[in-house]
Structure formats: C-alpha cells, structure tokens
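When the chains are written out, they are named A, B, C and D in that same order, and each has its own residue count from 1.
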C-alpha cells in the first residue's frame, strides 16, 4: 500500500491548494443542512408527549454533545500522527480544533442546562453526563491556555499534543467515575447499534443537524488551518504568489 | 523625595557648554560586603563626555545608578547646576538613564513602547516618533511585538529614546552592548552632536572610544573590592588603606 | 498624560491576558470541585456556597499576583517608571487597576453562575456579587503590596501567599458572611460597609506602599 | 407546519423562552466560530504583508524554506 497520499497531505503547500475548493463546498453544504435541520426541528417536527416543545432543544443539544466528543477523539488521533510522524499539519489541527471543541462543548453544556430547566426543574444538576462534559470543557481550556503561554512554536505543538493525549486517557476514567457517582440522565438516544426508539420524523431532523454540525466543524477547522499554514509558511514563495493573487501585498 | 523639580529652571532650557552641570562629592557605595566607592568624587561639566572604563565588578554600574538616583549611595554634597540638592531623584527629569537592560515591554509593539515613553516625560513630543524610528533603522517594524525582535533591535528601540526626549544629561550603562558596527557608529555620532549642543554624557563601556572634536575624559574605575581605595580625588590611584569613614 | 499611562498598562495586561485569566478558570474549577467532593445534595451545599466562592476567589487572586510586577522588574521597566515625571505610585496604581480588571472583574461576573451550581439561595446572589465587587479590588491592592515586596525573590509565589493570606482574613470573613445574612432576609449592610471602608483605606495606602517597596527592591539591585 | 399560528410558534406551549434561548446560544456559537477565524486570517495576512514589505524594502531575496 503506498503512503504517498499520506505524505502528500503532509506538505502544507499541497494541503493549502487542495483545500481551496473544499472549504467552499463544506461551508455551502453545512449552511444548507443546518438551515433545513433547524427549520424542520423547530417548526415541523412533532412535540414530545412528556416534555412538550422543549424537546426541540434536542436538535442542537445532542449533536453538539456528540460532536464535542468526536472533536476530542479527532484531536487525539491527530496528536498521535503529529508526534509519531512529526507532521506539522497534524499539530496545527490539534491546536486549531481546541477552541472550536471548547465552544461546541460549551454549547452542549448551556443547551443541556436550558433543556434541564423545564424537564428537571433546575438549571444545573450534578448529574453524571453533565459533570463529565463540564470536566471535558476544563480539559479543552487547559489545552488552549497551554499553547497560548508557550512562545516557541514547536515546543507548543509537542506540548499541546501530549496534553491532548493525557486528556483522552482521562476521559473514560472521568466518565466511569462520574457514572458510578449518580445519574439522572436518560441513556444514549443515538445508538450506533440499533435504530433510535423515537418516531421517524423526530430523529431525522436530528440526524440532519448532526451531519450539519460535523460539516460545520470541518469548515471551521479548515478555515483556521489555512490561516495557520499561511502564518507558518509566510516566508515561502508560494505564499507570496498567493498574497499577490489576493492583492494583499 | 519624589521627583519634583520646581526649584530648577525649565528642564529643556539651552545651556552654554563648559559650565559645571553635576558635582557629586563623597559618593560612598556598598554592595553586599564590598565597599565599592569611598568618598569618590565625580564632576561633569556640560558639553563633556565621561567614559567609565574598568574590569567587571569594579562598580561602574553602581556609580552610574547612584548618580541618577537608582542606587542608595550616600553622597555628601550634590550640586546640580549650582543648586544643592538632597537626592539625585530631584533632577531625574533632566537626565535620561539607559540601564543595562533595554527597558522594553515585550508584549507591546515598538510604536506603543516609544509612545509610552513619550507620554512619561513632558519635554518630548510624538511628532518626532516616525523620524526617530526611521533613524534607528527599524522603520518596517513599528507594529511588530517587541518580543519578536532581536536583542540588538531592542537595544535600538531603547536608544531611540535618546532622540525622543531632549534633556541635559545622558547616563548610559554599556550602551554599545549587543549593537552592530553600524549601531555603534550611529550612537557615537549621536553622542557627539548631543555634546556639541551642550549636553553631557556619562557612560560605562569596555572599549573606550576617543571622540575627535569634543571634550572627553576616561575615568578608570578599578577599585579593589576589599576596601583598598584611592585618594578621594577622581582618577588617581594610591595604595593607602583607610578606614571607611562614615 | 496621566490617562495615557493607564492605557499602556491595560494594553500590556490585556496582551498577557491568558496569564491573568488562567486564575479565573482555576476559580471556576475549584468551585466545581466542592460539589464533586461533598456530594451534590442541595441542603448540604447551600450554606457552604458563599464560603466556597470566596475561598476560591482568594486563592485565584493569590495565584495571579505573582505576575503583577515581576516581568516589568526583570525588563528594567520599573526603573524608567520611577525616573519619569509621572509619579511612581500613580503608575503602580494603574498597574493594580489593570490587574484587577483582568482577574477581579471576571471573578465577579462568573460568581452568580457558580453560586447557582452550588445551590445558593437566590436572595443572597446580590450580596455575594456586591461583596465580591468591593472585595476583589481589596484583594488586588493588598496583593500588590505582597507582590512588590517579593518581586526579586525567585520562588516568590509561596512567600507572597504566606505574606498576604493573613491580611485577607477580614475581607474573607466580611465577604462570606454577607450572603449568609442575606439568606436570612436581613440586609448585610454592616459587612458591605466594612468592606467599603477597607477598600477606601487600601486604595489610598496600597499604591504608595507598593511603590515604596518596589523602589527599595530597585535600589537593592 | 406543526403549529397553527405564528404566535403559537413563538410561544411553543409555554416552553418558547427555553427553546429560543437555546437556539440563541447555538447562533452565538456559530457566529463566534465564523468571526474568530476571519479576524485571525486578517491578522495573519497583515503580518505577512508587513514581513514582505520589509523584505522588499531591504530587497533581500526571500529565503525559501
């Protein structure tokens, strides 16, 4: 199996040129999906019997919670790739995905709290899943403050990658300990194993929103990575051409 | 204390070369257990360059800091432009002290660093800023963070202050450190035309420079740290061991 | 000219805000740790809530004090400040204000969120916020004196904490009992007035004292 | 449309405030994730422009790494 595609992705110039069109596609698609999902979830989907209309928060709470977990997973994988093959792009991905992950986790926390008010009666409940998400949010903040306080760029990359791996090791432990502690939260709705227990027209907009969220993450991370690549490679000739083409010079 | 300078004339008033500017008698400095200076006298006339040469640890920096009020030295009499003062801080706004460290804030840009300095002292104006930055050779770096600049460039920012603030006396602590040859030339030129305009410069250096057309004096500071010291007059050497009189 | 000096102090603090805001994240984490440790039933946490928030605020301020003068001292900026015509104690006051804006103010803004997490009764939210609004500047002012005294000590952080902690005790007592009194319905005027009095006292004395101790350190180097 | 009138759509059977608050936070997060990279990009382009302007001023050949 040839690894050329893998190493091709390693070169920032190749990455920059190949993602020129990709970014626009991701942006466009995610816009459509999010708009369709939101309108469908808000206006057309039926309300839940028990929870009434506050169930509509499901369409942003659950996708953001799932996305927050998978962003951290993606950061961990990229950290391993960056450390083992010393690929700058992988390090850039870890550094760039951290703030997006933090904002999505914050969104999951806030929408969870807002959803909890009508259903459980209080804004915040020290429940297993909410607490582990809160701790994961702190891990994100830790990683962000780590790479902001290290001047030298390369040590910052390595340090962030290692901090990310330490975070990923801790996540199952946190989940396990917090589950042991106490739980009010209902079991997972989206199980990859069997179809969700809800009616079709209730979880389909949820699925659209989930895919929309993933595309939005891809769009946001690519836009940020492209600027970081420009910053890193600003002394090279191809960046100079790009700047002239964009008449920035 | 504090730096009120009401008693003195307007700080930026012009002055004739030659009349005495600073006359400090009986400077006694101790650092740790070393007696660096015992009743050392230093007098500087305006329009004169005083270079302090000597081995490391001889006390050059301490002497400079004590005459600009940064070091707690006991000075018997201190006369500044004919007026007796109690502490060097009282004429602090008529002199410019560049310490060993280039006093630059790494988190501010070059422009912010310099405009902060101008807003610190009255007789300096912002209009000269662009010209000074160009003269120092950092014209493209105005918006760069000072932390991203090299030690030599930081030293040049510190030197830019010499052009920004017009005052009577420059006290420079090893100004040529981490400067390239062009920088050294530039600084020597500045010192010469500042002295010709009536200012005076006291600075410590390891390679004394002989200035052609202005009055310059080199003091050899090589006090023995363990208390042997010269007669009270400046510059001459002697072996007499005298109890550090208080 | 005076206002200009503050702008640069605030600009420098703002550029280094990740260093100053980290203690605020520490503050949130400490408050989140208590329910995890003590279990999460409301009857247990409600009376403790204001005490937890105040202790966390004090610890967070102490953590952030070390950075107040250390960098400027090492760069030789403090000497130039002292030689300048702007009185030294004013610049020190500006530095303390800039430090408070980036550490004390976020604490005050986040405190209702944490009070909610600790099941604090809703009547005492206001007195907690007002108490913190008056209290955190005092913490910064007293802390500035400690930071100025320990600016040259390499491992100054612990010495600073030991120096400043006893001075924080009265503020801690007044601050944390105010919400408790408010929870019983009475207006905690006494505590807040005392905090205000201490604030005025410290606002006048602390900058001058900090300037003196910084000058002593500059002279020594 | 699940709701019969627009006013009913806003009220959402009493839960409207919570739903709209949640979607407001959703919108804020999306907007922050759009604005922050744009500002970062402008900052990067600015520093690159300053870099090349200095390089041209001293007309050194740009070092290619």
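FYI, a contact is a pair of C-beta atoms (placed from the backbone, for glycine too) under 8 Å apart; a residue touches a chain by one contact, two chains touch by 3 or more.
Computed from a predicted structure; not experimentally measured.
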item	value
Minimum number of chain-to-chain contact steps, chain B to chain D	1
A-D compared against B-C, more contacting pairs	A-D
Centroid spacing, where centroids are CA-atom means, of chain A and chain D in whole angstrom	15
Between chain C and chain D, centroid-to-centroid distance (C-alpha), Å	33
Chain centre separation in whole Å, for chain B relative to chain A (CA means)	57
Mean-CA-position distance for chain C and chain B (Å)	38
Residues within chain D bordering two or more other chains	53
Pairs of chains satisfying the touch condition	A-C, A-D, B-C, B-D
Residue ranges of chain D touching chain A (in the complex, touch as defined)	1-3, 9, 12-16, 18-19, 21-23, 25-26, 29-30, 32-34, 36-37, 40-41, 44-45, 47-49, 51-53, 62-65
Contact set on chain C toward chain B in their complex	1, 4-5, 8, 11-12, 15-16, 71-72, 74-77, 79-87, 218-220
Interface residues, chain A side, partner chain C - complex	123-126, 131, 134-135, 138, 141-142, 145, 148-149, 181-182
Complex interface listing, chain B residues touching chain D	139-141, 143-144
Complex contacts: residues of chain D adjacent to chain B	46, 50, 53-54, 57
